[in-house]
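The letters A, B and C name the chains in turn, as written, and every chain counts its residues from 1.
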Amino acid sequence: MIEIAGVSILVALFIPTLLDGVERKIRARIHSRIGPPILQTWYDVLKLFGKDFFVPANAVHTVMLLFMSLAIQILLIGYTCIAVVAPITPYDLVVIAVLAIISQAAFISIPLTIANPFSIIGASREIVLMLVNEGAFLALVGLYAYYTGITAFSSIGGASPTLYTLLTIFALYIFSYVASSRIPFDIAEAEPEIASGLLIELSGPLLGVFLYTLHLKRFFFKLFASLLLLALFIKTGALLLASSIVLTIVLWLVYAVIANILGRSRVDLASITLLKAYLVIIALSVLGYFLEV
Amino acid sequence: MMGKLGFVKILVIAAEAGRVTRKYPYEPPLVSSDFRGKIEIDETKCIGCGSCVLACPPNALVMSDEGEGYRVLKYFVGRCIFCWRCIDVCPVDAIKGTREFELATDNVEDLDEAVIHKRASCTECNGLYSTVKQKAYVMEKAPITENYVDKCPECRRNKLLRAFEKRRGGESLE
Amino acid sequence: MVNKQIIDNYRELALSLGASDFAHSGDTVYIVVDRERLRGLAEALYWKKNCYFRTCAATDETKINGFLALYHIFGDDRNGLNIVVKTYTEPNNPVIPSISDIVPAADWCELEAYDLVGVEFSGRKLYRFMLPPTWPKGLYPLRKDTPYNYRPGLPVSGERISESPVSAVVPVGPYHPALHEPEYFELYVEGEKVVDVKYRGFHVHRGIEKLAETRMTYQQINFLAERICGICGFEHSVCYAQTVEKAAKIDVPERALFIRSIVLEVERIHSHLLWIGVAAHLLGYDTGFMHSWRIRELVMYLAELLTGSRKTYGINLIGGVRKDINEEKKKKILETLELVEKDFKKLVDTMLGVPELVKRLKGTGILPREEARKLSVVGPVARGSGLDRDIRRDLPYAAYSYAEFKVPVYDDGDNLSRLLVRVDEVLGSISIIRQLLDQLPRGEIMAEDIEIPEGRIATSSVEAPRGENVHFIITGRGKPYRWRIRAPTYQNIPALKIMLEGENLADAPLTIASIDPCFSCTDRIYVIRGGNRYRMILPRRY
């Protein structure tokens, strides 16, 4: 069993950056361009690692946070993969949710430690968006656990799909889209507005780490939502993990298309719209639970 | 028609347009039949009259006298704006336009071209003037005696002045 | 032509306000007025006669009559008239009363005249505007005794971002993040709201006017004029050529005029497509950006086929054009236009369906009509703010009097209005090209016998994609004695302060781009080498 988890972890660490390459190819296709080779993002990241290690002025904390963020992200993926095939505690779901929140917090602290107006504006935009998004995340995971009784992947046996559970999972997918900071929610790094915002002072290996962490993050949130969805149908851990990874890959491609047919939102517009959407979905779901639809 | 989801139509537009970029330089570039590129000067036709130098807006064509009896027309592609005014004004059609535009090089000397003309020498004072070819061109086009064209502008003027003087002198003698 | 009654009205007005001379030629009225009477006349023209302000041109005429002269150029667009008001001043005490409090649109050009010709304006604050602060006092680049290649050895120095105790300073520049042109805006923000704006431009003065006045010939300048702007250069070369033609009274063959108009409209289409792409990019809609530019590529190819070059067409000369349109090309134009029209309509439909795009265009960057009028803004910025002005219709040049077209006017003054004006204009241009190709007359494309007498004055305008270009020329021997260029962006940048204040930071780049700025054409006049801690402050709100 543990081999399956090991293989999954390796796949989950390699494939996000590859998927970003595929996303670029899809974007190019929608743009009617040829686009770069599929492995381009990997080439980019590896090339960045080969560059001079340059730390921006007064940004020692940035480096620390960046590596911490990468470590938590890897830990998170590792923990999730293992917990699915071989449950570690009876509250794995809670542990994963908490780790996810910590990783997000670490991630968003990175630009805040850099003294650059664009970086700060980018970070403050991301925080506004995250307040809405993370709040919804916790509420949704809580609701899910409450509806299905799943607190760890050892207890997936009894759960069955209901409309109100599916609604929470749908909202979790919205969450994963927003958390992946794709258009229209890439307001924190809006290239033409605030010159890449939170990325502005990062270069070389630091930028490489940042990008890789971002890819892992994108992968994880999709994987997590997929796991919760498929847990309602698939009852063996190994099969659940494998099929979730496949679903995540498919989703990635779908997200790539969506990101390319929309424009960038504005921080005030985005957070309000998002808040409304979450509240409506959660209300519907709770209503559904009490009416037992 | 599709109401609020009308923006999805961009996928149809993209599919219809297909792939429009090219794998340049592995595929030929899109250059139309009328494209103005680098010019080529035919040194056998050029007479070194300098019309192109006067017309050239960015001074990509310059002319200078160099060494012992040579006049050099220099073309520096780096300054050229590919307007082809030189082609318009050349009296002997010595300049030809091409569609060449891939002119990048790691050696700046590749961007220089020159036509070297031998200057004509005056039969009277041996001074240098114009070019041998321009002299031939003038003789071919205009009914001027060889005797007149063979002299440099200064000698020509002196000769004319002397002729006036002689006539006046003759008149006073009579 | 222009109604005689209107000219007489102007004559009466000018003479009653103490003008010392009045003349009229073609579509231009010339008035000479004493310094003391200038302000009264300016007020009457700008506010009573409701004329727009085009620009002013200071000229060193010491070699002709021993004076410095200032030409204020007004435009009575409704009656198709240019009004040139000339004021003399002595070179040893060159003071002229400022009209910038009456005519806010004159603010920049007065500062420019002060910097480059050394005309002092009384009744206003004067400060270094174009030249670097370390530039020697008393050295005026556009005075005739200053050699064109004189370079005072200026120290190279940097600029620092200002600091403000109240609000955060966000620098936009020194390169515009999307247009990739040199400009520098300082946005003062509180939270995400812009509370103040400062602009510093003129990083890329190229000394074009001086160069033309000193070391080029009439026909060579056509190619220089084309390089004033990288996007709408052809408009400048047409404007230059037709100003000289007007001054020298050269009859240009009709076919040449038609070809000019056709190529001008081709340029408008590609320029607007470029802008629409950039706007989409600024709104994070890169797909729209790429497809807009994909369509533009067809137009660029067409331009190359018609002229020999994708940009900097190089087909204009004084007296006509250098390249004819044959039947085969005519067919190709019509085919391409059909494709472009179909694709463009589809793309715009789709773009305006993207929810974020419309939300962010509507109601942002508002320029109210009155402010637009005060600043005499031009082009799509004016038409987006409800000012119905278009030189193509009001003072027809080239072959525009043969085509029928509607001037799109939107009243909201926001970014969406300016976008819609441009969208309508693309379709309008396509229709104009079709009409003109249909009526294309036979004949020569180049006038014979081109003679340009000295000492003639002319001004003319061309409606570029960004607004009107104004060229003013006093002819000289073999080259212009004075050549003054006013690019459209020069007139529109002051309006940005009004558009940006109170705006969301996220919308600032789009709003700046919404005037379709062309910083290099605005900055065409003189070489700047560095400059430190020097700021140009946008005009106050009047």
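Some points to look at:
What we mean here is this: a residue touches a chain if its C-beta (ideal position, glycine included) is under 8 Å from a C-beta of that chain, and two chains touch if they have at least 3 such contacts.
Because the structure is a prediction, the values reported are computed rather than measured.
For chain C, the chain with the farthest CA centroid is A. Remark: among chain pairs A-B and A-C, A-C carries the greater number of C-beta contacts. Inter-chain spacing, taken between the CA centroids of chain B and chain C, is 34 Å. One finds 64 Å separating the Cα centroids of chain A and chain B. For this pair, chain A with chain C, the centres built from the Cα atoms lie 49 Å apart.
Shared contact sites, meaning residues of chain C that touch two or more other chains, fall at 287-288, 291, 294, 354-355.
In chain B, the residues that touch at least two other chains are 7, 10, 14, 17, 20. Shared interface positions of chain A, defined as residues touching 2 or more other chains, are 30-33, 261-262.
If you check the complex, the residues on chain C that touch chain A are 168-171, 177-178, 192, 280-288, 290-291, 294, 354-357, 359-360, 504-509.
On the side of chain A, the complex with chain C involves touching residues 27, 30-33, 117-118, 121, 183-184, 186-187, 190-195, 260-269.
Of all the residues in chain B, the ones that touch chain A in their complex are 7-8, 10-11, 14, 17-23. Across the interface of their complex, chain C is touched by residues 4-7, 9-10, 13-14, 17, 20, 30-36, 54-58, 81-85, 88 of chain B.
Partner chain B is touched in their complex by these residues of chain C: 216-217, 219-224, 227, 287-288, 291, 294, 297, 301, 304-309, 312, 314, 322-323, 343, 346-347, 349-351, 353-355.
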